[in-house]
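Each chain gets a letter, A, B, C and D, in the order it is written, and its residues are counted from 1.
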Amino acid sequence: MATVLGANQYGKAENRVVRIVRDTPRHEIRDLNVSTSLRGAFGDAHTTGDQAQVLPTDTQKNTAFAYAKLHGVDSVEDYALAVGSRLIEACPAASAAQVRVEEYAWDRLGDHSFVRRGGSVRTAVVTVGRDETHVLSGVQELVVLNSTDSEFKGFLKDEFTTLPETDDRILATSLVARWRHTGTEVDWNASYDAALSTLLSTFAGTYSRALQETLHAMGCALLDDQPGIAEIRFSAPNKHHFLVDFSGFDVDGLTNNGEVFIAADRPYGLIEAQVTRDDAPPAGDAWLHIPGFV
Amino acid sequence: MATVLGANQYGKAENRVVRIVRDTPRHEIRDLNVSTSLRGAFGDAHTTGDQAQVLPTDTQKNTAFAYAKLHGVDSVEDYALAVGSRLIEACPAASAAQVRVEEYAWDRLGDHSFVRRGGSVRTAVVTVGRDETHVLSGVQELVVLNSTDSEFKGFLKDEFTTLPETDDRILATSLVARWRHTGTEVDWNASYDAALSTLLSTFAGTYSRALQETLHAMGCALLDDQPGIAEIRFSAPNKHHFLVDFSGFDVDGLTNNGEVFIAADRPYGLIEAQVTRDDAPPAGDAWLHIPGFV
Amino acid sequence: MATVLGANQYGKAENRVVRIVRDTPRHEIRDLNVSTSLRGAFGDAHTTGDQAQVLPTDTQKNTAFAYAKLHGVDSVEDYALAVGSRLIEACPAASAAQVRVEEYAWDRLGDHSFVRRGGSVRTAVVTVGRDETHVLSGVQELVVLNSTDSEFKGFLKDEFTTLPETDDRILATSLVARWRHTGTEVDWNASYDAALSTLLSTFAGTYSRALQETLHAMGCALLDDQPGIAEIRFSAPNKHHFLVDFSGFDVDGLTNNGEVFIAADRPYGLIEAQVTRDDAPPAGDAWLHIPGFV
Amino acid sequence: MATVLGANQYGKAENRVVRIVRDTPRHEIRDLNVSTSLRGAFGDAHTTGDQAQVLPTDTQKNTAFAYAKLHGVDSVEDYALAVGSRLIEACPAASAAQVRVEEYAWDRLGDHSFVRRGGSVRTAVVTVGRDETHVLSGVQELVVLNSTDSEFKGFLKDEFTTLPETDDRILATSLVARWRHTGTEVDWNASYDAALSTLLSTFAGTYSRALQETLHAMGCALLDDQPGIAEIRFSAPNKHHFLVDFSGFDVDGLTNNGEVFIAADRPYGLIEAQVTRDDAPPAGDAWLHIPGFV
């Protein structure tokens, strides 16, 4: 028996890069959380401790901050492509660099004043290899809710099944979605805005027999709308809202017809699904290491 | 020596009450986190275990949910007043009921579809006593940032002082603010909207020699604008954004003139302050048990 | 009408101070989270932006780190007293300095190797004024559970009460407790160890008719055991463990006699209480700004 | 162009199962967080909303709780195998069931009294398919620290490299490790205890030229010690402890020779690595959907 080093990667996670553009009195802000990692022929670092091929994670951090100035942040995808290309160039042993970005949106209060918007977070994961490059755009913490037009019935039952069938329930989720582009010549900001709009309008407009069906409709709508997107993957907690039982209260005429719910924390349903174009190019290592997806 | 029972209160914290108004096809949603507590003559429960005077926390929870229907949620203050009045009525041993509410905002996607807005959270703390009632309105997680017009200099120095003085820095905070109304006949929603607007515009419009000065200006503006508000209290972490040092990078012409910052997590400055009307009526127990304030 | 500046304080929160004692090959580690704040005559900073009396929070941070070496960390109380005394000395406008410390425990793996213990966190809050000094020792995140010998019955009922009475339930809490010493000449580590032991053994040994009764017994035991402690305050979430209903399962002979529970997140009961020695000296500002207590 | 449904799975996440064994006055407690999911031929639920093949996540939840009694929790692996086998049996459309368990340890205070231990969390991930079964044991939140015998030097440099080389630093990580067993006839508790002991003693006993080298040594030691383990995977944030710079303080003789550090939050290095036996049987879908690993 012998042991062998398996897959490995290393990098600097969660660099909180804030870029102010102040070329005019009307400033702009881009607020990012940037993580980088390198993969490749780093076996010596593991087996003998030799760091000669290792570009330090501290240098990766410095690169992420410097490129916010040197390249700028027109879009998270564009910025991540620049950082990834730089890292693989600077580190010959690397076979690929992965750059993951989360962007927090701000609303303007004045020329140099902003209030953080909250709500959903835009994401990008870019993998720059020696031969190919992959871009995943995405969104997380997108919390959506339909207060009706959602049912759940006709399901399989066994001796542990106690859930009643229902024709009317709240459907809510805190969506994580990522979609893979087939190329890199994309108007990233326009594509993102259109994608978010498509996902939201489809969620709102779809009668739901299960969260799975709603996610599938959302994925099909996105692929239908943007030919440059090869596939989309969802991770969707079913955020249960349980109707509160008023039957035990001794109050005349008090009813609860889908009006008062308790929002539960745990446990929660968790649905993961993919919708893919049937002629999509291979994903390669585009999804490697991205947590929370099938 | 003998031991005596000191101050005490008990209740049910963080009831996640979601109210859907569905009288027409165009639904409305109010999404609340409700905490209740009772104070008063509950010594027997502590010293002998006798629960005869104790309205269970489970009943308090039921009341919070039932009142979302019986009374409704026109505003968080109005709802909290109703729940507090009910609790003190139902529990003769209680001298006061405190109801704390956080409200999460949603934006409309369709007649029965919503997306959670994120950003700041509206709050209310209502204390209903036998003789007097207090209402605190407020906001939390209000993250604001000025990218210039902030200095910090002329401060006291000792042998551990290494901070350079600066004429230009980022000023950012995740604000918690609560303000006390002198009465209960208030258009709560209009007052809240106006208060938020005043706080934001003052933050944006004030040249800052310290976060303390900015907070003070915000407080004065609010008291000036709404005569029914007796005082305001702030808890404001100074969310440091440190200019990244590019001087060690071997790149010709690379400079960082207030353009690239690292947003730090810990430690953080923490400023707490109050601004009060000089003829404000006494606060009584309005602020009892509210964490995070002087 | 005029506005007046009310109470205020400022400081640096959550300095993560790690002290390694390496005078011999067998190292020691103290792992702290330190927050400092100053109160006093700082009105100018608020009203005119004049910082001449303000010892910067950055300097407070530097002091916290420097004193981990200059004074050392024999106990969190002792260290906090030294830092507080230094801060009030360095800042003439301050009327008092408050130093709050949390300590994370580590277990030894080797001469210079450690594994973080987890579990409860030891705390201290020291307030050093011009005339008097207060020390609060404490513990937080102390999660304890009794699997029987807990009842809840005989409580007040109204029309919203649906909770059945019970003779046997799980009693569990994640305790925060702080106790005030009457003096500062204390063997802090010995006192803390004895206090934790008293609290745990009393929790385990007390038949409970309500969480209130258990807390009261714990407080009395501590005051009985250590004459130098004037009072103790508790904040105790009632971490509900609900018996899972097996009655709907179609399995012969399957019962649940207090054997399988679901640990709930929210809502939770929240009990706050104090036990005080009847001849305790006044608390002064010992508890000012400490969140989560009556 | 047509769209196709890709990989998918669904289940109930984070069931907080607490099992009390009370056959004698001396109770036992097992405190679990259980997540289940099913994969297989569930396309109709996605494309047409037909739920006929779908065993509800609510039923999966009920099964997790019922099996804490019906099967018991001798070990997390053993319990997860039972739940997974049951789920795949109850749901003909499923090709595999995955059961993920986290276990929180408690220390005994008395016959029916316990205090939560904190610290590291034991984990298991079991995947039960129609033809094969995989078991991953593991640990998370294992925070370990060496206060010396760690260097980092000889690394690759570019124009953004500013990190000085060092012969002596703190090495600390909050380890997540999972290891795959080749079979299911294992004394799970004994194997886990031995694995934890091996990992800790190797961490403590290894001079480190990089975190990668330390992880590799830990992996090799485990595979060497337990022939029934095929591979181990690590996800290890490099929890940076930066030496605090005392040079700016105006205090005679004050030095910092590796004695006072600031524990940083973000960014952090992130190292992921695998060590595999060269004759390990294929992993199949053992690692599918496990987040945070290469």
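Everything below uses one rule, namely that a residue touches a chain if its C-beta (ideal position, glycine included) is under 8 Å from a C-beta of that chain, and two chains touch if they have at least 3 such contacts.
Every value quoted in this text rests on a predicted model; they were computed, and no experiment measured them.
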Strictly by the touch rule at the top, which chains does chain A share as contacts with chain B? C, D
Taking each chain's centre as the mean of its CA atoms, which one is most distant from chain D? B
Shared interface numbers for chain A and chain D above half of all numbers used, same, or below, different? same
Whole-angstrom distance, CA centroid of chain A to CA centroid of chain D, is 22
Averaged over CA atoms, how far is the centre of chain C from the centre of chain D? Could you give it in whole Å? 30
Per the C-alpha centroid definition, the whole-Å distance linking chain B and chain D comes out as 38
Got the chain B residues that touch at least 2 other chains? 15-16, 62, 66, 160, 162, 249, 251, 265-266
Chains as vertices, touching pairs as edges: which of line, ring, star, complete or other describes this one? complete
State the interface residues of chain A toward chain D in the complex, per the touch definition above. 1-16, 35, 37, 39, 42, 45-59, 61-63, 66, 90-91, 152-158, 160-163, 208-210, 212-213, 215-216, 219-220, 223-224, 227, 231, 233, 237-238, 266-279, 288-289, 291-294
Residue ranges of chain B touching chain A (in the complex, touch as defined): 15-22, 27, 29, 31, 62, 65-66, 68-70, 106, 109-110, 112-120, 141-149, 170, 200-201, 203-205, 241, 244, 246, 249, 251, 254, 256-265
For the complex, which residues does chain C have touching chain A? 159-160, 162, 248-251, 265-266
